[in-house]
Structures are given as C-alpha cells and as structure tokens.
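Structure below; questions to follow.
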Amino acid sequence: MSQTSTRQIFDRPSSLADRFAATRAVMEGLLEPLSEADATIQSMEDASPAKWHAAHTTWFWETFLLRDHVPGYRLFDERWPFLFNSYYEAEGERIMRGNRGLVTRPTLSQVLEWRAHVNEAMQPLMADERCTDLIELGIAHEQQHIELLLTDIKHAFSRNPLGPAIWDRQPKARPAQQDGWIEHPGGIARVGHQSDGFAFDNEGPAHRVLLEPFALSRRLVTNGEWAQFIADGGYKDHRLWLSDAWAWLDRCNISAPLYWREGEHFTHAGWQERDPDAPVSHISYYEADAFASWAGCRLPTEFEWEAVARGQDAPETDQRFDAAAGNQLDTAAPPLPVGTGELFGDVWQFTRSGYLPYPRFKPAEGAVGEYNGKFMAGQWVLKGASCVTVRGHSRASYRNFFYPQQRWQFTGLRLAKDL
Amino acid sequence: MSQTSTRQIFDRPSSLADRFAATRAVMEGLLEPLSEADATIQSMEDASPAKWHAAHTTWFWETFLLRDHVPGYRLFDERWPFLFNSYYEAEGERIMRGNRGLVTRPTLSQVLEWRAHVNEAMQPLMADERCTDLIELGIAHEQQHIELLLTDIKHAFSRNPLGPAIWDRQPKARPAQQDGWIEHPGGIARVGHQSDGFAFDNEGPAHRVLLEPFALSRRLVTNGEWAQFIADGGYKDHRLWLSDAWAWLDRCNISAPLYWREGEHFTHAGWQERDPDAPVSHISYYEADAFASWAGCRLPTEFEWEAVARGQDAPETDQRFDAAAGNQLDTAAPPLPVGTGELFGDVWQFTRSGYLPYPRFKPAEGAVGEYNGKFMAGQWVLKGASCVTVRGHSRASYRNFFYPQQRWQFTGLRLAKDL
Amino acid sequence: MSQTSTRQIFDRPSSLADRFAATRAVMEGLLEPLSEADATIQSMEDASPAKWHAAHTTWFWETFLLRDHVPGYRLFDERWPFLFNSYYEAEGERIMRGNRGLVTRPTLSQVLEWRAHVNEAMQPLMADERCTDLIELGIAHEQQHIELLLTDIKHAFSRNPLGPAIWDRQPKARPAQQDGWIEHPGGIARVGHQSDGFAFDNEGPAHRVLLEPFALSRRLVTNGEWAQFIADGGYKDHRLWLSDAWAWLDRCNISAPLYWREGEHFTHAGWQERDPDAPVSHISYYEADAFASWAGCRLPTEFEWEAVARGQDAPETDQRFDAAAGNQLDTAAPPLPVGTGELFGDVWQFTRSGYLPYPRFKPAEGAVGEYNGKFMAGQWVLKGASCVTVRGHSRASYRNFFYPQQRWQFTGLRLAKDL
Amino acid sequence: MSQTSTRQIFDRPSSLADRFAATRAVMEGLLEPLSEADATIQSMEDASPAKWHAAHTTWFWETFLLRDHVPGYRLFDERWPFLFNSYYEAEGERIMRGNRGLVTRPTLSQVLEWRAHVNEAMQPLMADERCTDLIELGIAHEQQHIELLLTDIKHAFSRNPLGPAIWDRQPKARPAQQDGWIEHPGGIARVGHQSDGFAFDNEGPAHRVLLEPFALSRRLVTNGEWAQFIADGGYKDHRLWLSDAWAWLDRCNISAPLYWREGEHFTHAGWQERDPDAPVSHISYYEADAFASWAGCRLPTEFEWEAVARGQDAPETDQRFDAAAGNQLDTAAPPLPVGTGELFGDVWQFTRSGYLPYPRFKPAEGAVGEYNGKFMAGQWVLKGASCVTVRGHSRASYRNFFYPQQRWQFTGLRLAKDL
C-alpha cells in the first residue's frame, strides 16, 4: 500500500477492511528504519519495545477476534500469548512488564511473519457484523500503540549517549499560532461520546455537566514561554507547586522538560535546536499545573475543553503543521501520523480533571472490559491529540490519561481562566 | 477544666476563648495515659509522635498568631520551629518527616510548659477582631491534630507485638443501624461552604453542580458484610479491583482491613473481638471501591453525599453511639471526642471524587495558604466524620482527603447507586 | 555498689559474682541520665535502643542460664523473649530488627525490675562450676552491649537537630601520643587465644602464622592528620579508594568522618571543638584504607597487630587518658568504661584482615554457637579496644568485626608498613 | 583462521601475534550465532551485552596500546570511549553500567569494523618490546571477556520465558570423576606467581605461607550430591548458613542453584536434563559454604588449593571433557574455549579466602593499575578455571574473585578437610 493511499484512507470515510489494512501498514512502516536491536530494547518500565508493540497488537487480533470468533483457528505459536499480553488479567499470566526488553527471540522477522499471517486470517471477519465493534476497537487499539511505539522509541534513542537519529530532519515552515481566548458563557453542556461512530467505553455515557463561564486560550504554551518560566525561577518557587510535585522535583532532580538540554531538545531526528514558537512538549501534569499558576491562569477541566471542541468533533479536514515533535516529521514517507487541527494537533493537553468514571459508566464484560476502567485512579485526563497521533484517531470526547509525573508522551498545555 | 464543661462547650455556641481552651485541654488530656516513650516514637512516615502533635499545634499558635501579631513577642525557644514545622515551605527548613521520632529532647514536660506558656500568651488576642479568623483556623487545625494523635498512637501501639492497650474498654450498647436508601432526584445542587461559620479554604467557593438521580445508603458497611466479601474471595478476584489496587494487594500482601486478625481487631484498648454489626473501618480507597463493585453498587461522589447531608450541616444534636473505634472509647474520662450523627459519626466515608480544587478556588496568601491547596493531587475526598473527630468539627461541606492506599484513619464506606 | 568499688573490681582479679554484679551495675548506671524516651528510640537499623540492650542482656541470662540450668525456673514474662532475642535462630521467631524502637511497653522500669529479678535469681549459679563458662560468656556479652549502648545512644542523640548532651563535658589534660614505629622481624608467630582466661570462640584455635618483616606505628592517626587528608583532596582522589568505597562515597555523599561538622564533632556531651591531637574516630574501613594509601603506608594485618600486642595481653595496668570520645568522659561518676593502654585504648583499629575462621575453628553446639561464627563473611577485623570498652574486656587475641562502611563505633587506625 | 589452528595455538607456545589473533578470533566467532538484538541486550547490572564485550576489548587495545604508543593514531570514533570504558576512573566519565543495554547504535557491524581496524593497526606493535607486557595483559583481558560474554549471554537467554538455545546440544561421553582425597602435610609453601610467564598483578608478589595439614578432594561436588543436600533440607536449616547468607536466601527466595528447575537446568543449548554426575555449577559462595558444612567438611583456602595445584601450573596437556556447562559445548565449531584438567576445568572453585592483597602488593601506575587492586574488598577468591575459560588462560596462581551472592559464572566447589 502506498503512502498516498494510506493518507487518503484516513482522510475520508472508508471501509473497515481498508482502515484495518492501513493501520497495520502504518506500524509496519515505522519498523522499517529500526534495527533488530532498536526494536527489541526497553528503556524504562513505562515504555515497551517496538517489536513488542508489533506483536502485542497482533496478539490482540489473534486473541479477541481469531481465537474467539474463527472456529478451529490455531494460534500461530502457543507460547507467545505469555510474552505479548499486556495487562489482561482475564487472559492469564504474562511476562513481567519490566522484562519485555529481554525477549530477543522470537525475532523481528518472526513477528512480521505473524503479522502477515494474522492480517490474512482476519479478512473473512471483515464482513461479519458480529465482529464489527471488536474490529473497530482493535483498530483504535493498534492506533494507540502506533503512538506509543513512536514515543517509546524516541525515549530509547534518547538514552543513548550518542543521541542518534531515527529519521532525517526535514524542516518546514510552521504557521504562527493565533493569539487570544475563546470565551464560553457556561451553563449546562452535554459531554461524552454522542455520535454513532466508534468511541472507547470511557468516553461515555454522554451526560450533562454544569459549567461556569470561562475562557480557553486559542493557542498552546510555547517553548519560548517555558524558557521564561525557567528564567523566572519557576522550578525553584515552592508556591507554584503541588506538594507531591515539589517532592518529585527534588527526588528526580527536575529543572526543565524532558529531552531539553541548553538550547536543544531530543527528537526523532536526534538533538535539534528548539523553536521558541513551537508548542512546549514532554512536560508532566505537575509542571503544567505549576506553569499555569505562574501565568496567573489555570488548566481547563476536561469538560470545558470538550465544550469548546465539540464543534470540531471527529476532525477530518485540513491539518496544520505539527512542530511539537521538534524533528518536524515528514508526513510523506515513511507513513507518519500527524495531528489535524488547532485543538487536535501537536500535543496532548493536560486538564485539571482526574481520570474518573462518568456517571453510570460500566466496563464491558470479559477481558476487553479491562481496557479502560481499571485505570481510573491516580491519573489525569488529557484532551486533543499529538503530532504522533494517527489521523482519524482523535475526537472531542476522547480521554487520554497519564500519571502526573509521566513525561515521555507528547504532552503540553493550553491555558484557561475564569470569566 | 472539667470534662463536663468541655462537652458543653462543644455542644453549643460558645466564645472563641472557651473553644480555644477546650480544644487545647482535649489534646492535653489525651497525653495523660502516655509514657514519655509512647509520646515520642513514630511508627511510620505517615504518622507523627503524640508529643510532636502537642508541639506542632503550639508552634502554629506561636508562629501565626503570637509572632505575627504580638509586638515584641519572643519565641519560647528559637530552635524549636525547625523541629515542629510540619510542611510550610514558607516557614523555612525543617526536620525530615521520617525523623520526627528521634526527637527525645525537648522532653514531654518541656513541651507541656510551652503549651501552658502559649495558652497564656494567646489570651490578649482573643478579643482582637483582626485575629478571629486565624484563631478559628488554629482551633480547627488543633482539632485535626487531636484526631491524628489518636490514629497515630493507635498505629504505634499496634506495631508492638504485645498489642498493649492505651485505655480500658468500656462496652456499651450500640443501637442498630437503620437499613434502606435515601433517594435523591438529582438536578442542580449548591455545594461548598455557604454559612457564616468557619470553614477551610478547600470547602469553597460554594458553587452549583448538576446531579443525576441517585440513592445513598442509610447505613455504613459493617464488619460482618466485609467478612462476607472476604469469604466470597473478594480480595482474590481481579475483576473487582483497579489496576493500581491489584498491584498494591500483591506488593503489600493485603487480604483484610488494617488491624484485623482472625475474629479480632486492634483498638485503643488492645486486641478485641470484632462486632459484626459495627461499621467496618481502616480500609483504603482501593478496598472501598472493590467492595462497592462486589456489592453491585458504587461509592457516592462528594457532591451526592453533601447534597444529602446538607440539612444536617453543623450537626450539634444528640450523638449516637460510636463503635467503629472498636474499643468504644469512654467519652467521660479522659475527654475523648466522638462523632455526632448518622452521617457524621463512626468513620470517614470514601467518595469516588478526586480531591481537586473547586471552581475559582484560590489559596490564601502566605504560609497559611499552604494549608490545603497544595495537596490537591492524587488523593480522594472523604466526607462525614469519625469516632475520633472532635465534636463540632464536622459539617456537610467538610472535605477530608487521603491517598488511595492509606488505612490508618477511621475510614469506611457508605454505598450509593444510580436511580 | 559504689563507683570506686566497680573500678577496683575491674582493675584486679576478682570473683565471678563480683564481676557479674559490677557488669550489671555499669549498664544500669548508664541508663540513669536517660529519659524513658531516650532509652526507647532506635535511630537506625544497626543501632538498638538503650532499653533493648538492658533487656536483651537480661534475656541472655534468663535463657541460657536460668531457663536451661535452674530446674523449675519460670520466665519473668513469657512474651518477652520474642521482643529481646537478637539473632539466635535456634531460639525462635523474634521482632524484626528495625522495629526495636517501637516497643514502648514494657516500660523502662519494668525492664529494670526484670534485671533485679534476674540478678537475684542468678546468685545460686555463681558457685555452680558447670555454669562458669557460660557465666563468663554472659559477662563478656553484657560488656559488649555496654559498649554498644554507648555508641548507639550517641548515634541517637546525634540525629536530634538540637544536638543535646547526655553527660557534661569534663575536660582533662591528655598526654601526647608517642611518635615512631615498632619494628618486627617477621617469622613464625603464634596467634589466637592461648591463656586459661576467657575468650570468645572466634579467637581460637591458637595457631601459627608466618609474618614478613614489618613496622607498626606507635600511635594512632589523629584528627589533625585527617584534616590534612581532607585538605589534600583525599576524598576526591579515586586512586586512593577501593571500587566499592568510591561508589559508597558517592551514594552516601561522604566527605568526612561521621559526626564531623566544620571544626566540631558530635560527642556524648553534644557538639564540641575537635582536638587535632586526639585520635581520629568514627571512620569506616573504606576510609581507613584510603588514608593509609594516601600516607604511603598500609593497614596492619590482624596477626601483625597481635604479634606486637602479645606482650600486653590482658592489659590491667594504668590507663592513659582516652580522648577519642571527644567529650572526655569522666570515669568517676557515672561509672563509665575506658580504654586501658597504648594499643588497647581510644579507638578500635582497623586491620586489612577479613573476618574469617581460624584453622580448625568450630562454633559451639546449640544457640550459643551462633555467637560469632555465622558472621564470618564480608566484615573486617578490628583490634584493640576503644574509649567505651569496659575495663578488663580487652586482650591481644580479641577480634572485633564490622562491615566496611560502618562508622558509628569508635573506630580509627594505626598505620603499618613493610620493612 | 580455522578452528583447528586456533586450538593448536592455545595448546602450545606460540608467538604474541598469533595469540593476539587467535584471541580476537574466538570472540568474533562467538558473536556469529547471535542476532543484533541478542548481542545488544543487558539482562542485569552484573552482566554486559555481547556487543559491549566486543567493543570494550577493542577500546582496551585502542586506548592503552594504539593511543598511548602509536604516534599520531586517531581514534576510530571519538565518542565511543564514553560508551565502552568499563570502570577506569582515570579514563574519565562513562555510561552508567546499568545502561549498557540501551546502546543500539553503533551497530554490531560497526563494532566489527572497529575490531578489524584495530586488529590491523595493532600489527606494528607486535614487534615492539616496550609493548609486550601490555599486549600480554590485553590478551588476558580479552580472554576474560570471552568467558564473561559466554556467561552473560547465557544469563540473557535464561530470562527469556521461551528458554531459547544459542547452540545445539552435542552430547558426549564424560569420564567419571575420580574419588578420594589429596593429602598435604602442611608446612611452609611458596605461593603466588613465580614463573617468567604472564600473570596479573594480583597474583603476586610470590611469598611464603604456613599451612596446617589438610586434604583436598580429588573431585568436584556433583549435581547429584547437591540434590541430596536439597532433599535433606539444606536450604532450610539455619545452622548451615552464614547470617548474611540466611538473609539472602529469604530476600531472594533461593532454594536451588541458579538455572535449576525440577530435573533440568538452563544451558547454552536451552533447558536440558541435569546429569547427576556432572559438577554442580552456578552456586554462590554462600551456598558453597553451607554445602561444605552440611558435608562435614569445609572449603579450602586459596593457598591450600594452590599448594596442591602447583605442579600443574600452566596446564597445557590433554583436556578432559567439560560437562559443567550442561550443554556440553562442542569445542570444534564454533571455536569454543574449554577447561583443561582436573583442577582447571568445569567450574571455578570457591575458596574460603577473602580477596585481599598479597604482602607488598602494589598496583601498577596509571589507569591499568585499576585492573585488580581496587576490587579487594568484599569478594572471595576462586581457583581453577571453568568450561568456558579459554585454553591457556589458567594457572595455579590465578585468582578469580566474585561477591558472595553472585551465581551467573560457572562456579562450583571442591571440598577440603583438616588432617
């Protein structure tokens, strides 16, 4: 499948089979520049090897679709579920998360054979309506792992003292962000997933919330503004920081976003000069919250953000240039995903909302029910999308979530204030 | 001051000076049965020594009232603020939290001298209207530390393999809890502190929230029900547990509430038989959430709880018997605080609400602004009061908060469900 | 028993009963200035509470003498062995070492009652020859715990930011150390315990070793020399340090002996000015080894040290002034133990000998066999005695032992060199 | 170079250049069956990636020979010393040991290019007598890393839940071990390196020691005997264990040698049935010491072992079959190193001697002086050689050393007893 067709598929409504094929192809394309070793190592417990992502997503299809819905289907290798189940307790024992980087066998080419085998075996199910919802889930799942593969491999390369590049840098002009505030009068808003399209279970049920009048910034906080925050002693002023955050700064010796050193930051293209006008990225909730205090503002709630974004749900139109990745990934070749709009591009945006269940939320039955609900403690909701989110994966009701100290995703912030 | 007068003071509106004196006297009364060693040790980082509570509360008065508002006041001992500041960054360096139990000097009697000195020095400020709000805060602060002293000393005694008693047990008849559900139609509710009386900054600003129809149980979950949960394999069924909770069970080897062993639990009166009809206590958020799932219900939000409790704000009427402490503390002598009502007694009740700022919340200026706001991350709101909460300290808007794994407070749960 | 008689007893041969009584009295005397809290806390896992020492030594008598040798003896309290057994696996389960500081009950006065009870009950055994060896062992054991009590309480007080004193300082004149080297021609030497008197099992069997010609310094390294080592960048020059030591310096942020700050060091009399001519103390093996390298010398082996000291075995003559404690403890009142000679005073002296079994060494049968042998791994032999070693406790064959990073004992060094 | 010639070179005296070439070729041959990923990962901090061994040994030649002795030599890549210096402080900063497995770039083929480049550049130095000692050291150094590569890759494969094989198993007949004891009358023995040939600095200076009469077993302890030790409750009887060992058993949950499961053990050929007559391997000092106690014997001292082995110094004669590796590695192809005799084959043998400096030991000047001396603390001497020691690398004075809990080397034991 050519790159052009991949983009066309994500740009417009297309068949389930096409979207399945395109999603699988994107991940396989990302593996191309990686050596067997690049694809195997694990640089921290939060991150997984690229090969593991390629295999885990295949395990997902083989387990929840082929095994459960194709009579007589035989597993490609019976020993592999132990290696590539992520966290589904209902699917049994599995390798400890921190040991994923020790699995040099099966090799990358064996995993790619498995992918081809599963891609083929999945074809008959595309027309089976009983499987449609699960296939949609599988596509969304694999799209999430495409984003994780990109952030995980970036982290792995960043730990190499030589700071090697995965892709060459192809600088592009970047349109300036628009200043100003989007005002909202408050009142009762309906939030959560409301259309017929696919959504994760944690995006529903749709329900009403009461908002006070507020304003949301038209633009993301930039590298240049963050440099001012640092220069102003932001990381040294306890009054700006949550108590847990202050202890984290000290324990982990934090004084800048992840991947910063002097005037540079680490990107998929190695160490590059920072663009002061580009959105800041790779910050934690703790840092986002402190910056907002320093700026005399606050973070939006997830509902405020969604109320503003509602008109832009399922963004499929023009994408603007995504610069948060710093290396300004070429979207032509290899097939790299990019953000698609004002609110839905560049970086995930922290909200001040804890990741909690919506009223009347019930996880699905069975192993698939472990997808979202069991993580509803101690994490924070992020909205939008990032420069490495697959096109078509984002929507206004989407709820991403991370722990308050995590920084290896493309995470940034958009300010809010009371009116 | 006699015990009778203490109770009368907390039972009805009384002067600031009287409430100051009564609060100070309660803590001093609690120290009486403790040896110098009992009052000095620290059994874990979360807990503080009894002597430290006695000193820290005195430091609070000396720092924020006497030092800041009495011209020419000289500190009782200039070296002590380093020892007895808890977490106020604006007040400078202080002893590491985990080292509080190493401070054998000053002695307990020196700390009691300090208390007497400060009690005396505070008198002129009682009539100074500019100080009223700070004095109210100081009283509420000391009442919180009275509760902490009681839970911390219980923890310390529980770590002694001999399981010694602090107070004798005085069994009392306990009225049965009333079954059934309190239904609420939902709609817009006004929450947060709204009266003229004292409240902490985190209880405001008052604001509107939108509720869906729900029901709240009339009673607390009991020891007997918890035993059923255990017998039913509750601690071994991953489907009931949050992901972080499941890891916590394994890491800390948890299979019952804190202080349970066979048919007994540890109390201020040592190891005692458990009453199956008494409210379960010393459970974590993780356990409360899992139990609620097992029971086919859920935890209430903090706003649902408050909407039901609103009519009972500032409970001052008859108290019912508090049994959660297990030792059924005698409220006569020594002067022990007790809970005061259906919703406001026995145990703090976990909600499913993360501890986050209310709309337009702003912490106070200066060191006192560190009181609540900086803890708004990673903790959960608890409502009500416990059997060791001082009379008059509770109200419907009160927001207590703890991390999801903490169990040494008198924490329990009251179920909720959607209508 | 008066202080004068205590000293007389240790100064000359005296009866078993007298030495038992004197040893017990020394520990009880040391407890006098301590508050209940001082005696209860534990400042680190290596150290034990003073009350614990008082109780553990009593447990030793009650277990190995009274229980095993007095028909019908009933334990003072059956629950206490769990609390006060140190490490004797053969004696069953016991409290975790790190929890010794949480035992506020039994109280100090209950422990003192126990001591009195056991002292009385022991009297009939004094004349029982079958018990003589065990009683000698018990006396030596209690003398070791007297030294530990003194070093442990010093550590505990050092952790108090106020740096309180236990005893007043009584400065005394201190004779200068004598310079020069004691030369030894090498050859076959007989080492290990050889007299009829008491010795620990690890001091034997006596055996022959072959020595090369060497010289041992007449004096101990001083505070002043150590300050020169620091000024010369000794702690920053990797060439002087063992690999494990260099990692330890970095991990624990070490740049001076324990208890040093600027021109002062912490003593039993609080923070005091350091005497540059006094022996340096509270150093680790790692530091002793690095200093010796810096000085162009080396540490002696345990056999070299013993060969020189042999003539001074069982030192009982005049004691010289011990200054290593820094506070120059008054030996008059309270009854404080002191060192007794050139080689046997001030500080324990590190050797370059690992703590290993002598040829044909066999631990005793039963629980008492756990006394020494099971610690023969990873520790280093120290020779001599310190300013807080009880008179009469030291001898040339004595083998003290500690891990290479431990510093809370009175540990110093005496240089050696090859001839 | 063919395999045959490699063996011939190690079997008889040969030129420096030949031995350099043969040593380099052995390591390169070992890399052949490894994937890029196999060669890159690091399975624990003690172990290093295979690629790292290939690169580090090359760094050694480039640094200490080419850079220091070839005027105008330019480093192959100036950034690589940071990656491949192991622990030489004098050579500056380097990557943290635990991060060696994150270096996917340079690739394996780049490292092999570097090896070829350095092999070529070294040729002119072979005839330079000033370099001979350093080249001998470099060869011995690379031979040590060949052994480490083999034990490290075995560990890495063992962590893969699939237990993959690196080499196929080629079973061979194994001559039975000879029973009985070698008696030694004791007396003065000369130990340490005494010939003209190469030895590490830690093997000297040669010196005299005094031995008591003893006997050394003719054979190694076997898997079958170890199984008896387990069946007899050896791992559960505290009386057999050092105190540190007992804590280690509990902390690490140890109940068998490393790589054992039921009747199998993990080998370079994957999981294989254990041969009860083969020497036990992959045990710690702690376990060796406990086993010796259980057997009513003890471990030999390093000097006892050496006194017996002296006649067999520089063993070059017939090798017997090495079975400790369990997979019975084929010595034909690829070029795999094997042990060479009774005392010098199968497994390294723990002694009861701490790894300490010999009398008058002085490390070399400069960075090379960091080779051995700085590790003389906390480790134990092992004598002999193992089934993965390169032919010609072993000699009677050789002192291998490991920490008492380490088990991933081919470590076993040979019993000794007093006469």
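Going in written order, the chains are labelled A, B, C and D, and every chain counts its residues from 1.
By our rule, a residue touches a chain if its C-beta (ideal position, glycine included) is under 8 Å from a C-beta of that chain, and two chains touch if they have at least 3 such contacts.
The structure displayed is predicted, hence computed values, not measured ones.
Least step count on the touch graph, subunit B to subunit D: 2.
Among the other chains, B has the CA centre that is most remote from the centre of subunit D.
Put simply, the C-alpha centre of subunit B and that of subunit C have 46 angstrom between them.
Put simply, the C-alpha centre of subunit C and that of subunit D have 39 angstrom between them.
Centre to centre, using the average C-alpha position, subunit A and subunit C are separated by 60 Å. Residue positions of subunit C in touch with at least two other chains are not found.
Contact between chains, per the stated criterion, is found for A-B, A-D, B-C, C-D. Within the complex, the subunit C residues that touch subunit D are 87, 89-90, 188, 207-210, 212, 238-239, 241-246, 285-286, 289, 352-354, 356-357, 359-360, 369, 374-378, 404, 418.
Listing the residues of subunit B that touch subunit C in their complex gives 35-41, 43, 79, 82-83, 95, 99, 101-108, 156-157, 159-162, 164.
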